[in-house]
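Below you'll find the structure I mean.
Labels run A, B and C following the written order; every chain starts at residue 1.
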Amino acid sequence: MLLKRRSILPGFSLTLGFTLLYLSLIVLVPLSTIFLKTASLSWGQFWLTITSPRVMAAYRLSFGASLASAMINSVFGLIVAWVLVRYQFPAKGIIDGLVDMPFALPTAVAGITLTALYASNGWIGHYLELMGIKVVFAPLGVVVALIFVGLPFVVRTVQPVLEDLDPDFEEAAATLGADRLQIILRIIAPAVIPALLTGFALSFARAIGEYGSVIFISGNMPMRTEIVPLLIMSKLEQFDYAGATAIAVVMLVASFLMLLTVNVLQRWSSRRLTA
Amino acid sequence: MASVIRLKFENFSWLIPGPANRRRPATGEPVLVRMILIGIALAFLGLFLVVPVVAVFAQALQKGVAAYFAAISEPEAWSAIRLTLLTVAIAVPLNLVFGVAAAWAIARFEFVGKNILITLIDLPFAVSPIISGMLFVLLLGAHSPLGAWLASHGIKIIFAVPGIVLATLFVTFPITARELIPIMVAVGSEEEEAAMVLGANGWHTFLRVTLPNVKWGTLYGAVLCNARAMGEFGAVSVVSGHIRGVTDTMPLYVEIIYNDYNFVAAFAVASLLTLLALVTLLLKHFLLSGSAIPLSSEKTSETVERIAA
Amino acid sequence: MSIEVRNVRKTFGDFVALEDVSLEIATGELVALLGLSGSGKTTLLRIIAGLEIPDRGTIHFHGEDASGRSARERKVGFVFQHYALFRHMTVFENVAFGLRVQPRKLRRSEREIAARVHDLLKLVQVDFLASRCPSQLSGGQRQRVALARTLAVEPKVLLLDEPFGALDAKVRQELRRWLKRLHDELRITSVFVTHDQEEALELANRVVVMNAGRVEQIGTAEEVYHHPANAFVYNFLGNVNLFHGRVENGKVYLGDTAVEVQDTHERAHLNGNKALVYVRPHFLDIERTPPEGNHCFRATVRNINSAGPQVKVELTAQWGDLVQVEIDHERYQALGLAIGAEVFLRPREKKIFVYQI
């Protein structure tokens, strides 16, 4: 029997059964077709496809920009979370709510808006142009778009941890003679770092697969500003299904590795928190 | 992302608004440092969140209000809006049912493979939307055995409305589950067990005891699912075939007219979606801050004691 | 190092935690701040530590005004109610913490720090737990580690916030005795907060009884117990009977009985006023026949509980108040009481306390 512990609550078979059915139809079956399709390619063809220059350039861009955006989000997300939890200032509630905007806003809307903003005649792009910084149709634009979509992840992962920090520990450290910097480094940081790393991983995972917000601002120039999802899309439009799946498989493997990393980080951080 | 569920399992403070009367530690950063940090945070959020939202409306109204309404009332715009609404009308209720069922199974029972199930539910979040769409094309497209069979019976899924619904379902179904699971865990099964002991059967217990307790969370889950479903772009892009007037949802329509350099019209339709996002955020504040989740009792009494003693 | 609290006032929004508190603690004393929740005792302790800033008033250490100094600068040891042991560090690292964060000039070498830490752990008898994490310790062990950690930086003042509140009764007893011995040995000026009067009376050189942000009385255990300054203190420490009487011609009457007042505090202008009379249960004698003089009153026996070191008798006084009396077993046997019996109660004069309302 699947159940580990008997319960008087009913509905186990019904709910689990329905859940599994839904999952299979919507997730498992489609997912398995990818691997089936890839299997139709020989190893040689597979390798050739994924190491072709255009594909490699796309991988470099997608992973590189995702890494950069995740790092920026980690730094600023930490500051935002800290400020939201620890300080008081006007309109704090509204700002806290706004942090979820990238979750709720369609990626296409974000895409066209960011493009309009950072174009040479845009509100922000206009100033950056004067400084010689090009955002649209350049890798920097990709990074900007990915910062937007990944922003809430770090903030929302770090916030609960900061909120749960008991002031007792900081006060104890102060009475023992630690100055503020020492308290931050020795007492607060160890508690926050696991959450920060988790947020980083989540932000990164989200960024590598992002499509809608990037394609407008990047210009989609092959070898220069073409991200992997777009490349897959192009191959699909040309009916090169095998090629598309090959590239996709690499992305999927990367995504699953990220998922695994996040899981491990979670377990590590929960061990520390419940100590 | 499965781990995000687990993170939410372990502490629910994200559901609860920050402690209002929190004791301020006598140890804190100097005022100057605080000001600088607040400044940095506000600048960052202002640049990446506030300015874009304002820009959407500014761009949409650039040619005046009349042009705005003209853009929204274009027939193609309307058919895009209709298709989007049809998609969510199917996807959201189905996902709600799934979310409730999954939450019940996960929150109320201990069973073998529970962790795997949770990971599976999180899967679509880890998969790029393009790949999600591609999965369905591979599975049901004209080139696949299943697709060929369907075509021979005159059933069109890919490059037609059913495909769009399926892709949307794939991408948005984790949302309701992820909202509901922590809430069900937090509420606990005591009331339901009490109802069972008093003689209520499963359905009665569910309808009269469980649902009322999780109603705000369910409502928010539906609202968020709705917003994500209406805004889904990547996955739907792949399966829709971009047949103007037939298989364009609102986000796809925005893309098409933007690429036609019809910027004002694109932003006009985009502004509708932005309004929806803002409404979603507002509802989150109202639905979740008033929800009946018990505060961590230790924390509250401790705080009160400290202040009072 | 002596501590002086001068006219300290502290509010939290509308709530007045401390009204106008002044206090002096001599070097080497062990003082208890005793009171209920909301009395302000923990707030006062935290103000002394520098963890809260008072709205008004000053704190002096050894005559010097320390009010402007931060918690870190005051070099007081503070033991928290829930210990606040750093979860991600071992016992050793916790105790070494204060020594490791010292500015470079003052900091000792790792070897010296390790030696000192082990000395302290031996002093508090948990040396064998040095490499464990706090989560693996019992409550009593954590408390001792918290104390060792505070002592590591050689504070001149030791402040403890309900140090034994979170422990089982037996462990509490043990640690109480142990803390007393430790204090006798180390002679650090110590202040601890408690709501347990037994603990305060047993441990402290002097007790500060607090109520609603004010100091009701300061004195040794004997003083506050036997010579309470007012009704609150009397009521708070130990069991007490409360009677409603009235004042006439300078005498207090309970029913028809005149009762001699033990002077000093609340005397005054007693005429036609009401009075609350407090008498401890073991300071009432039961007699079968009315004794000499009119210093007794009638009462009827309602309940008898003879299980315990003393016999507890519940009676109703002739004017209706409920009375609790404690007598020893021999007296009880001699009286041969039964429920419903009519007896005479005589308060032993020296032990009555009158509070004018």
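Here is the rule we use: a contact is a pair of C-beta atoms (placed from the backbone, for glycine too) under 8 Å apart; a residue touches a chain by one contact, two chains touch by 3 or more.
Since the structure is predicted, the reported quantities are computational estimates derived from the model, not experimental observations.
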Dominant chain pairing [most C-beta pairs in contact]: A-B
Chain whose Cα centroid lies at the greatest distance from that of chain A: C
Separation of mean Cα positions, chain C and chain B [Å, integer]: 56
Chain A and chain B: spacing of chain centres that average the CA atoms, whole Å: 16
Multi-partner residues of chain C (each touching 2 or more other chains): 50-51, 70-72, 82
Per-residue multi-chain contacts in chain A, two or more chains: 171, 173-174
Residue numbers of chain B (touch at least two other chains): 25-27
Sites on chain C touched by chain A in the complex: 49-51, 70-72, 75-78, 80, 82, 84, 86-88, 97-98, 101-102, 133-135, 149-150, 152-153
Chain A residues touching chain B - in the complex, by the definition given at the top: 2-5, 7-12, 14-16, 18-20, 22-23, 26-31, 33-34, 37, 76, 79-80, 82-87, 89, 93, 95, 97-110, 112-114, 116-117, 123-124, 147-148, 151, 156-157, 159-160, 163-164, 167, 170-171, 173-174, 180, 183, 198, 202, 205-206, 208-212, 216, 228-230, 232-233, 236, 239, 241, 244-245, 248, 251-252, 255-256, 258-259, 262-263, 265-266, 270, 273-274
Chain B residues within the chain A interface of the complex: 1-4, 6-7, 10-11, 13-14, 18-19, 22-23, 25-30, 34, 37-38, 40-42, 44-45, 47-53, 55-56, 59, 97-98, 101-102, 104-105, 108-113, 117, 119-132, 134-139, 143-144, 166, 169-170, 173, 189, 192-193, 196-197, 201-202, 205-206, 224, 227-228, 230-234, 237-238, 250-252, 254-255, 258, 263, 266-267, 270, 273-274, 276-278, 280-282, 284-285
Residue numbers on chain A that touch chain C, as the complex places them: 166, 168-169, 171-179, 182, 186-187, 190-191, 272, 275
